[in-house]
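Note that the chains are named A, B, C and D in the order they appear, and that numbering of residues resets to 1 at the start of each chain.
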Amino acid sequence: MIKKGYYGHWGGAFIPEILFETFKELNVYFEEAKNDPSFWEEYLQLMSSYSCRPTPLTYAGNVSKHFGGAHIYIKREDLNHTGAHKANNVMGQGLLVKRMGKKRVIAETGAGQHGVATATMAAKFGFDCTIYMGEEDVQRQRPNVFWMEKMGATVVPVTDGSKTLKDAINEAFRDWVTNMDSTHYVLGTVCGPHPFPEMVAWFQSIIGIEAREQILKAFTKLPTRVYACVGGGSNAMGIFQGFLQDEQVGLVGVEAGGKGLSSGEHASRLAGSDASPGVAQGYKTMFLQDSDGQMLDTHSVAAGLDYIGVSPILSDLWEKGRVRFTAATDIEVMEALDLTMKKEGIIPALESAHGFVQAFKEAPDLGTEEAIVINMSGRGDKDIFTIANAYGDPSWKKFIIERAEQYKNDKE
Amino acid sequence: MTTLEETLREALTRKKILLMTHLVLGYPSFEVNREVIRQMVKNGVDMIEMQIPFSEPVADGPMILKANQESISRGVKLEQCLEFAAEITAEFHIPFIFMTYYNILYKYGIEAFIDRAYDINIQGFIIPDLPPEEGKEYVELAKSRNMAPIQIFAPTSTKERMQLLAQNGAGFIYCVARRGVTGKKTDFDQDFNEYIARCRSATNLPLAVGFGIRSKKDVDFLSGRADIAVIGTETIRLVDEKGAEAVGPFIASLR
Amino acid sequence: MIKKGYYGHWGGAFIPEILFETFKELNVYFEEAKNDPSFWEEYLQLMSSYSCRPTPLTYAGNVSKHFGGAHIYIKREDLNHTGAHKANNVMGQGLLVKRMGKKRVIAETGAGQHGVATATMAAKFGFDCTIYMGEEDVQRQRPNVFWMEKMGATVVPVTDGSKTLKDAINEAFRDWVTNMDSTHYVLGTVCGPHPFPEMVAWFQSIIGIEAREQILKAFTKLPTRVYACVGGGSNAMGIFQGFLQDEQVGLVGVEAGGKGLSSGEHASRLAGSDASPGVAQGYKTMFLQDSDGQMLDTHSVAAGLDYIGVSPILSDLWEKGRVRFTAATDIEVMEALDLTMKKEGIIPALESAHGFVQAFKEAPDLGTEEAIVINMSGRGDKDIFTIANAYGDPSWKKFIIERAEQYKNDKE
Amino acid sequence: MTTLEETLREALTRKKILLMTHLVLGYPSFEVNREVIRQMVKNGVDMIEMQIPFSEPVADGPMILKANQESISRGVKLEQCLEFAAEITAEFHIPFIFMTYYNILYKYGIEAFIDRAYDINIQGFIIPDLPPEEGKEYVELAKSRNMAPIQIFAPTSTKERMQLLAQNGAGFIYCVARRGVTGKKTDFDQDFNEYIARCRSATNLPLAVGFGIRSKKDVDFLSGRADIAVIGTETIRLVDEKGAEAVGPFIASLR
């Protein structure tokens, strides 16, 4: 009984009736695009000329030596235009929107990366653009808000619920059910109603296709394990797809452990035991919810992982044992970030650093004839306010205070 | 024919148009809910949809969204809602239906939930995020207990789609008057007339029209076109602004 | 009478005696590297695996249409690791330092980009690292300072003179004459005493080599003109080198016009008439100096262009008429930036935006069968404080003021 | 032999070691410069290097750097420096040399500058950023007027390099005592002895040693090893801290 858009018993399309035709149309266009080789050609052409694909696979020699086990390779999605893997999905959907002839896009954003990517795509394609962003995330990721606005997007802070990603998604749906004729909702991760999980996974598969080729070239054999952080799961699905067929390659998804799996303040759906099957935001997956089915507040230092649900495709791969899930705490993340900056001159996004944590934990136990790959989903520049905060950097604080004084005086 | 449809058809023999009202359980409190329901019933409401709050009410606009979230954040639990519903259906003798999102049923267990609702004497369900493709089990279970898995028509629905929905539905059809979420005004224009005609031609079930109905003028307009006018957000706004006592006069003014 | 390290009568190596041997050694290693094909191989390998080379050439279809003239292509140095062309130079010098067996690097930085790039390189190669940065630039580019420190570098604010780039260079020299045995000075631009101009130009030539190939592939013929901003001149020299032999390709360097060429507040050496030949910071070129030979204060909204001198190679190409020089004012720069963000979803660094200004001015007068290339030397993320300032963005100000309050309360 | 070398050789017949002092023209003012020079000459200084300020004094440490920049920012012009120098050389009868950076000469015109210095009765030049490879014209022009294009030896200079420098130089050789810029202390150790021996073996010109010489102890150490001890930063610090009057006693204390 496998219905379309289901992965095992996860997925589906739990959409309000008003969107039925919109989804029908979307499915038709998506199927058409998938079956049209020229679409993927155009996508590759766009990604290699507007973004920087293929993104490199960097050998992290210093941390490899530091841990003394497996050779650590880093897939550099941070070098994409706009600084994260989000560009892959967004540009792909942009091409689809062009096909559909729609003129407006909307999106939710957590870390702001997907919002920036969507605003960028909208500028490039000439679409109107509205971005929904939880008010708490607007605070955490202010620079991204600034850039979205500068690229012509309207950013709407969402003040409902927990004021984070899930609420932004709800709000985007509310916009969509009003404006579906003109508007495409550019969902940012491999979640939501069918065909979104399949579509986003397809666009992100470019990561894994490249990574598999690159590691074979650089290391002459397949990696023992591949690590990726998991918010909604798009960057993880992106790289995992390159290795799903290779049964000998372990796939490890790393969720936000927040203040610890037993603290109640985390966003671990599959690594912890706080989640249970549910249906929300249009799809069925493992959700962090209470016994009534009300969604819980989640926590992570990384806004992009701070989410109640997870890709139905990943829930299926988890259930089948193909992908192993672990969690990294906020504190571990800051440590891994520090080490990576100091040893490799690379600044992972706080989200991405979750993957680094687990890779660093496991690398020492692997042999030097083995390799592992970490998917670095994005760069950490965007996180300066959070990171400087977390380190309590005094000169940063001083700088901000001085700047504020200046602004206050300007006003008077 | 479900009990619900029978009751409605019977009422329609007496009234030109029926009124269905809406409230969010636990918002602002069960006490206020109780008073509001009393005022509604006393002033001639024919059917009430009680919304069980859900943390992610995607189909609802700001007003009902806030009601959902405040109810939950004040600690209202599903069990309390069910117990309150039982108390209400025992006291008032019009049809009551549950409106909520699918996860509430799913998490409780679909069959268990339907059975519980049956025991409480609930007549049907409106689940806006459960299209029939995803809701086969729910539709069958509800129908097998002679309860109504109420389906929703939208202005974007084709006639074929409406027919399929109608086959899955029972009780009545909830016709969403326009695009968008609850709580905004609706302009009833020529497009609407065509839409309602399409609805009629697709089903024999009574038609309820909701989204944006606020005044006697709206109800009058629907009279003769639809069978049931649904007052949603407006009473919540009224209670927020003027208290439960204002609901009675408002309802009375509609017909 | 062409001496080594001279371009026409510009260049030379005006170095204190104490550095004579250091430069002799550096010249030997550099010559050796230049003549060793495996060095360039290693360089390319590093740049393609650690950074994202070749960087793409993006067709800017929307602005092309907007101006209705030549097709505008953008060479995307912003997609380099660390976000600017500076990486090219720094990684090359890093490989050279490894060859020389030195263990410490120092650098000056203006915009902070070269500092970040050097700190990154030092982390990657395991070198100690000290960065000199004018105090005014520390203020203008605080986020970059934060990242340099996080990557393990020591950032020394320079409080002498005009507290900008030139003073940072002086201070770096002072460090070098003290620690030349252990230390290599990673000069950040194509200036300074020989062999730096030649060396930096060599490493940056990778831009032009790629760009020429790419435009031929994308447009099937050579561009009519190539535009680049000119601070010290490294990104300009980088791309120009790809087209120097193609006499039909016009090369246009764009300097900082600041508040206008007649305002005295600018940094235009070759476009304006305020500069004259001089010798400072180890080389002979056109300097902004007074009649006594004292260097003037310069001004630009772009810290990286705010410099008194210019590459001796460019002075020569200017004198020979091979490169044309123009200036872009601060105001024009903000306009070009705005347009580029809104139309293309691309955020040039303030420095790079100077090149865009001139290209935008000239594109309408060219035919639609022609193409022009703009070298986008870096991305504008680093400039958020400056750009938000320049736009007077109220929500940004509010955000900073709130953050400051938070920090103040933390302290108490 | 240049006049400068002759004068120094003559003095060396009377004194075991000569003293050269330094000041930055216009810092803190020409009046103070004048008083400082008076005190220096009165207390037996044998030669004075007058630094013409330059905005980018790369070879100088913080103290002299600051003096350069303050002099300029107070509006001191090259012409004033030259006029002041003319006044000084007329009044005091010891050798004066100009220390500055190459751009000052280059911008003025090298020949014009040397001619002007000649007219002022300046005996030589120290230009720390002008190696002989770059300074051929300067070396030739100075020598042709019997003025000294003083060259600099550094601890990093090889013997061959020193020989080449010496061939280009005249007057005396300025031996930089250690790595680094002006103004820091120098440890005179075994390495230094070897260095000075290398300097001696490379040239017959008198050897001046500068960088970090601050006390009688330093001067005593140099006595017998070098011909001239150069006091640089120390007098600037003294004037800053205690005023021009303190210079005389300090100089007197050195020998």
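Following the convention adopted for this analysis, contacts are C-beta pairs under 8 Å (C-beta built on N, C-alpha and C of every residue); 3 or more make two chains touch, one makes a residue touch a chain.
Note that the structure is predicted; figures quoted are calculated from it, not measured.
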Chain of greatest Cα-centre distance to chain D: B
Chain A-chain B separation of Cα centroids, rounded to whole Å: 37
Centre distance in Å when chain A and chain C are each reduced to the mean of their C-alpha atoms: 33
Centre distance in Å when chain B and chain C are each reduced to the mean of their C-alpha atoms: 65
Overlap residues in chain C, where contacts from two or more other chains coincide: none
Multi-partner residues of chain D (each touching 2 or more other chains): none
Contact graph of the chains (line, ring, star, complete, other): line
Interchain contacts, given as pairs of chains that touch: A-B, A-C, C-D
Contact set on chain C toward chain A in their complex: 48-52, 55-59, 62, 76, 79-81, 83, 119-124, 126, 139, 142-143, 145-147, 149-152, 218, 338, 341-347, 381-382, 384-385, 387-388, 391, 393, 395-397, 399-401, 403-405, 407-408, 410-411
In the complex, chain C residues that touch chain D: 3, 12-22, 160-161, 166, 170, 173-174, 177-181, 276-282, 284, 287, 289, 291-295
Residue ranges of chain D touching chain C (in the complex, touch as defined): 53-59, 61-62, 65-66, 69, 72, 77-78, 101-104, 106-108, 128-131, 133-134, 151-158, 161, 165, 176, 179-181
